[in-house]
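In C-alpha cells below, several structures.
One chain, chain A, appears in both complexes that follow, with chain B as partner in the first and chain C in the second.
And now, the complex of A and B:
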C-alpha cells in the first residue's frame, strides 16, 4: 500500500513571555482576593496571638508569649486540643468506613443509575448543616425514635445526644458527601480487570480487597481523610448544637473566646493552633501520597 | 436435554489425548439477547485452541464463563472430570491473560508474579525460586524490581504471562493478549506464547479476532458468529475447507460471486459461466481465494498442466503494491475480483485499463448454497 507523508501544519508558537504574561493576568484576581481576604487576616491573627488581652475585651499591642504559654500550661486547653484531635480523627475514620462501600458501589455502577446515585449522594449538601443538625437532634433525642427503639428492645437506652457520641454521629453524616466524592476522585486506578486478575490467581474476595482494591484506592482514602479531618476540626455548628455546650472543641472554644469572653488574643492563638494542625495534616497527606507514589 | 459433544477437529490430531476442558450446551443470555447459544466444545489436553470471530460473536463471553467471571445461564463447564460451572474464579486454578495486561500497578514485577504463589501459601524460598524461573522463561529477570508502568507494552504482557503461568494453572486463558501490541511485537509474542505453551504442554484457550493469530498459533480454530459455533477444525481445515460462507470470508481473504448452479457442474454468473467441483444446483455463492487466482494477458494461451480451469476476461482496475504482494483488482463483467501475486521486485501489470484474464483451477472454487 502506498504511504503518503502528510506535511504537518506549522505550529504557531507564541513568544514565551506573552504566555507567562497571560498566566499572570489570569492569576491576578484570585491572588488579590487571597491576599486581602486570607493572607492579611491570618497575619493579623498571628500578630494578635502575641498581644495582651485586657479585661472587658480590650487588646494591648505588645509582644508577649503569655497566650501561648498559658494555653499549654492550662490542663483544660491541653485536654481540649487532644480531645479535638481525637474526636476529629474518630469522625474521619467513621466517615471513611461508612462512605467507602458506597463510593465503591458508585464507582462500579454505570449509566443513569450512577448519575442518579451520585445526585443522591450529593443532595444532602443542598441543605445547610444547621438544618441537618436539628434533624439529628430530633432523631437522637432522649425521647426520639432511635433511643425509644433501643429501649423497646429491652436494652438500657444510651445517651446519644449532648455528648461526644452525638457529635460524632452528626458530623459523620454531614461529612459523608465530601468523603464519597473524594474517594471517587481517587478511585481512578481501580480497574475491574485487575480485580479479576487477582481472583484468577487464587485470591478470595477478602484477600482481593486487602491486597489489591485497598492499596489501589489509597489515594482517594488519603484525600477524603484529609478533607474530612480538616472540616471536622473546623466544624462549629454541629458540635455546638449536638454537644449541648458540654463538648469543648477547638472551633467552639474559639467562638466562645471571641464572642462570649471577648478574649481576642486567646481566640487568635487558638486559631493559629488550628492552622498548625491543618499544616500537620497536609504534611501527613503529602507523606502518604509519596509513599503510595 | 442431550448435547452431542463435538470433539475438536479430526481424530488424527487429538488422537490419544484426553479431553481436558469440555463445554456442554454453554449458554449466556442477557435479557432477550443471546451472547452464547448452547455451545458444545471439547478441548484435548495440551492443545492451544483459538476462539475466533468478529466482536460480539460471544468468544470473550465464553472465555469469561470458563474463567468464572460470568455466570452461565445454562450448560456446564467440565475440567477433567470435575464440573466447575458454579465454582468461584479463585478456586478454578486457571491462568488468565488480559488484553490490557491488568498487572497490579502498586506491585513490582516480581511481586506481581509472586502474588498467585502467595495466595497458595507456597513457602517463601520456593516463591523466590519459582518467580525467578517464570521471569526467566519470559526473559525479564533483569526487570524484576521495576514497577509495571516502567515497562513497555510487550514487557508488561510478558509479565502477565509469567504471572499466569507461575501458578502452574490447569488451563491458560488468553483474552486477546496481543491486540494492544504493535505489529512487529505481536509476531514475536505470538511465537513466544506458542513456544511456552508447547514446552509446558499446557491446555490453552486463546480468544482473538485476528485470523492470522488463530491460524498460525493454534492447534484448533473454533470460528464463532452470533454466539454459535460456525466451524471447529485445524487451521488448515478451516482455511481450506470452510464450512460456511461466513468462515470462508472471515478466515482469509476471498472473492465472492453470486450465481445460479445449473446442476451440471457449472454456475452462471450474469453472462459468465464458471465450472465448479461437484454438481450443485440452485442459487449459490462461489468463492475463490485471491492467491489461488492468476492474472494473464487477454488472449494469451496459458498452460495449466492439463487441469480444468476457469477463465474470465476483464480489465485491470487497480494495482496495489503491498511489498511482498501485488493485489490486482479486475473488473470482470461488472463484478470486482481481487487477484494476488507474489511481487517480483514490484514488476507485473501496472497499466490500469489493460485487458486481462483471470484464471483459476476448478478445484479451487468453493461453492455454498444460498438457501432457496
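And now, the complex of A and C:
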C-alpha cells in the first residue's frame, strides 16, 4: 500500500476559541436574517395550518389536524398535488431538452461571441414574468399568429392557451435562462480534449455524446432540473394567467385559499406541503449527485 | 459643517416644528381603505374631494387595495394598533371581520342617514352598513355579438363555443351566476340546494374559454378575445363609456343578484370622530346620488333616488329592483365551500 502524506494546513498560533468566535460572528448576520425572514414565518405558517377555518373567512385559534387529514382524504386535493408534480416535471424536462443544446453551444463558443450569447440568454430575466406571460397570451391567443399559422396549413388548430399546454409553453420559456445558466455552471468537467480523444478512438458523434458528453454534464443537468422543478412548483403568475382557471396547481390554489376564499389555515397547510415537496426534491438531488460521483 | 451653522439649522427646524404643531392639532386625518383602480378614481372625485372641501379640517387619505380579502389581511395584521379608520369592503368579508371583533357598529348614533337606508343595506351581524349596491350583468363584445342579448341563455348558445369568459367560484361573480342559473333551471331555494344550477352550469362549461379572465373580465371582452361574459354592472358601465369601447352591457330579463359593499368603522382606530363624520357624509342622499352619477353603483340610501338623473338611474339596478333575486350573502358564506366544491368537481372539469 502506498502512503500518501497529506499536506496539513500550517498551524496557526491563534487560540481556537478566537477562530470559532470569528466564524460565529461572520455567520451571525445571515443566521439572524434567516431566522427573522424565513424560519419565523415558516413556523408561523406551521402553527396556522393547525388552526380552524370558519365559514366566511374567519380563523379560530385551536389545535386540529383537520386541515391535514382533509387534504389527503379529498380526491380533489390528491389530484391537485399529483397534477402539480407532473406538470412541474413536464416543464422541467421540456426546459432541459430545449436548453441543453444552447448551453452546449455556449460552453464551446469563445471570446466576444460567447459574451454576446450569454447576455442574450440572460436578457429575458430583465423583464418580469408577468410581461413575458402577457407576450405569450398575445402569441397563443385564438386570433394570434401561431393559431393562424396552423390554421393556414389546413389543420384544425388546437387550443394553445387556457389549458395545460399553455402553462407548459409559457413556463418552459420563462425558466430557460435558469436552466441554461445551471447547465453552464455544471459543464466545468467537460474538457474538449476528452471529446477529441473519444472521436479519435473511432467513436461516432452519437456515441461520443451518450458515453462521454452526457455523463460528464450530469451534475449540471441535476442542478438545472432541481432549480427549474422548484421554480415551476412555486410559480404562480404564469399558471394563473395561462391556465384559464382550468389548471389547479399548488401555487394557484394557495393564492385562491389565502386571497379569495380567506381560508388561511388551508393555505398554510398547502404551503407547508410545498415545502415538503421541495425537501424531497433536494433529497433526490443529493442522491443523484452521490450516484454521479 | 461648523457648529454655529448646525445650531442655526437646529433652531430653525425647532421653530418650524413649533409653528406647525397647532395647525396639526386641528387637522385630522382619516385613512379610508377601499378598492384601488377605477373605484378609487371615481370615489376620490365624487366623494372624498367634496368631503374635504366641506370639512377643511379633515384630511382623507385613500388607501387603495385590490380586493376585500387583502383588506381583511391588513386589518388582522394591524389589530394591535390600527392605522385604517374606515373600510369599504364586500359584505361577506365584512361579516368575517366583524366576527373577529375588528369593526365597531355603525348605527343611528353614528349617522342619522342610517335610518334612511334600504332594509337590505342593514345586515344582521355586520358592523358596517351597505354603501353601494352592484349587480351581475351580461357582457358582450359589440363586434362579435351584433344584437345585444336579452337573456343569460346567450352564454349557453353553441355559436359562442370557446368565446365565453366566466370568473369562476370562489369569485363571488361565479357564486351569483350559480344562484341565477339555479333559479333559471327551476331549482328550489338556493340555500337548501343549488343542484339544478350546478347541472345547468355543467352544460355551460364546454362554451367557456376561461374561468379566470385576467386582468379582469371586462378587458378580454372589450378587446375581442372573448365574445360574452359576466361581470359587475358599475365597472362594466364605466368601461363601456370609454372611447371606442366595444363592451356592451345588458341586464337580462331573468333578473340578477346584488353585490353589497359595506362601509365600516375600524375598532380602536385613531381618528374616531372624524371617521364618523366621513361615514355620515358617505351615506347622505347627496353623496350617494353623486357617486351613482359617477360610477353607476345603485344607492343604498332610499332618499338618494330622487336626486339621480333618469339616465344614470336606468343604468343601475335601482331602475329594475323588481327583477332582482335577493341574495343573503351571510347565508351564502356558510354554503360557499360546498358550491366551490361542486364547481371544481362537476362544472370546470367538463370544460377540459
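Everything below uses one rule, namely that the second predicted complex is superposed on the first by the 277 of 293 C-alpha atoms of A that agree within 3 Å, B and C clash if a C-alpha of one lies under 4 Å from a C-alpha of the other, contacts with A are read in each partner's own complex, and residues count from 1 in each chain.
What we mean here is this: a contact is a pair of C-beta atoms (placed from the backbone, for glycine too) under 8 Å apart; a residue touches a chain by one contact, two chains touch by 3 or more.
Only a predicted model underlies this, so the values are computations on that prediction, with no experimental measurement involved.
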In the superposition on chain A, see if there is space for chain B and chain C together, and answer fit or clash.
fit
Between chain B (first) and chain C (second), which does A:58 come into contact with in this model arrangement: first, second, both, or neither?
second
Where does A:262 make contact in the superposed view: on chain B (first), on chain C (second), on both, or on neither?
second
In the superposed arrangement, does A:93 touch chain B (first), chain C (second), both or neither?
neither
Could you look at A:274 and tell me whether it touches chain B, chain C, both or neither (first, second, both, neither)?
neither
Partner chain(s) touched by A:66 [first = chain B, second = chain C, both, neither]:
neither
Just to confirm the geometry: in the superposition, how small does the C-alpha gap between chain B and chain C get, in angstrom?
46
Of the residues on chain A, which ones does chain B touch that chain C also touches?
none
With touch defined as at the start, can you tell me which chain C residues reach chain A in the complex?
67, 69-70, 72, 92-93, 95-96, 99-100, 162, 168, 170-171, 209-212, 214, 224-225, 330, 333-334, 336-337, 340-341, 344-345, 348, 351-352
List the residues on chain B that touch chain A in their complex, please.
67-69, 88-96, 98, 100, 102-106, 115-116, 119-120, 147, 160, 163-164, 167, 173, 320-322
What does chain A use to touch chain C in their complex?
54-59, 76, 141-143, 159, 162-163, 240-241, 243-246, 248, 256, 258-262
Report the residues of chain A in contact with chain B in the complex, numbered from low to high.
1-2, 189, 191, 193-194, 196-205, 207-208, 211-212, 215-216, 292-293
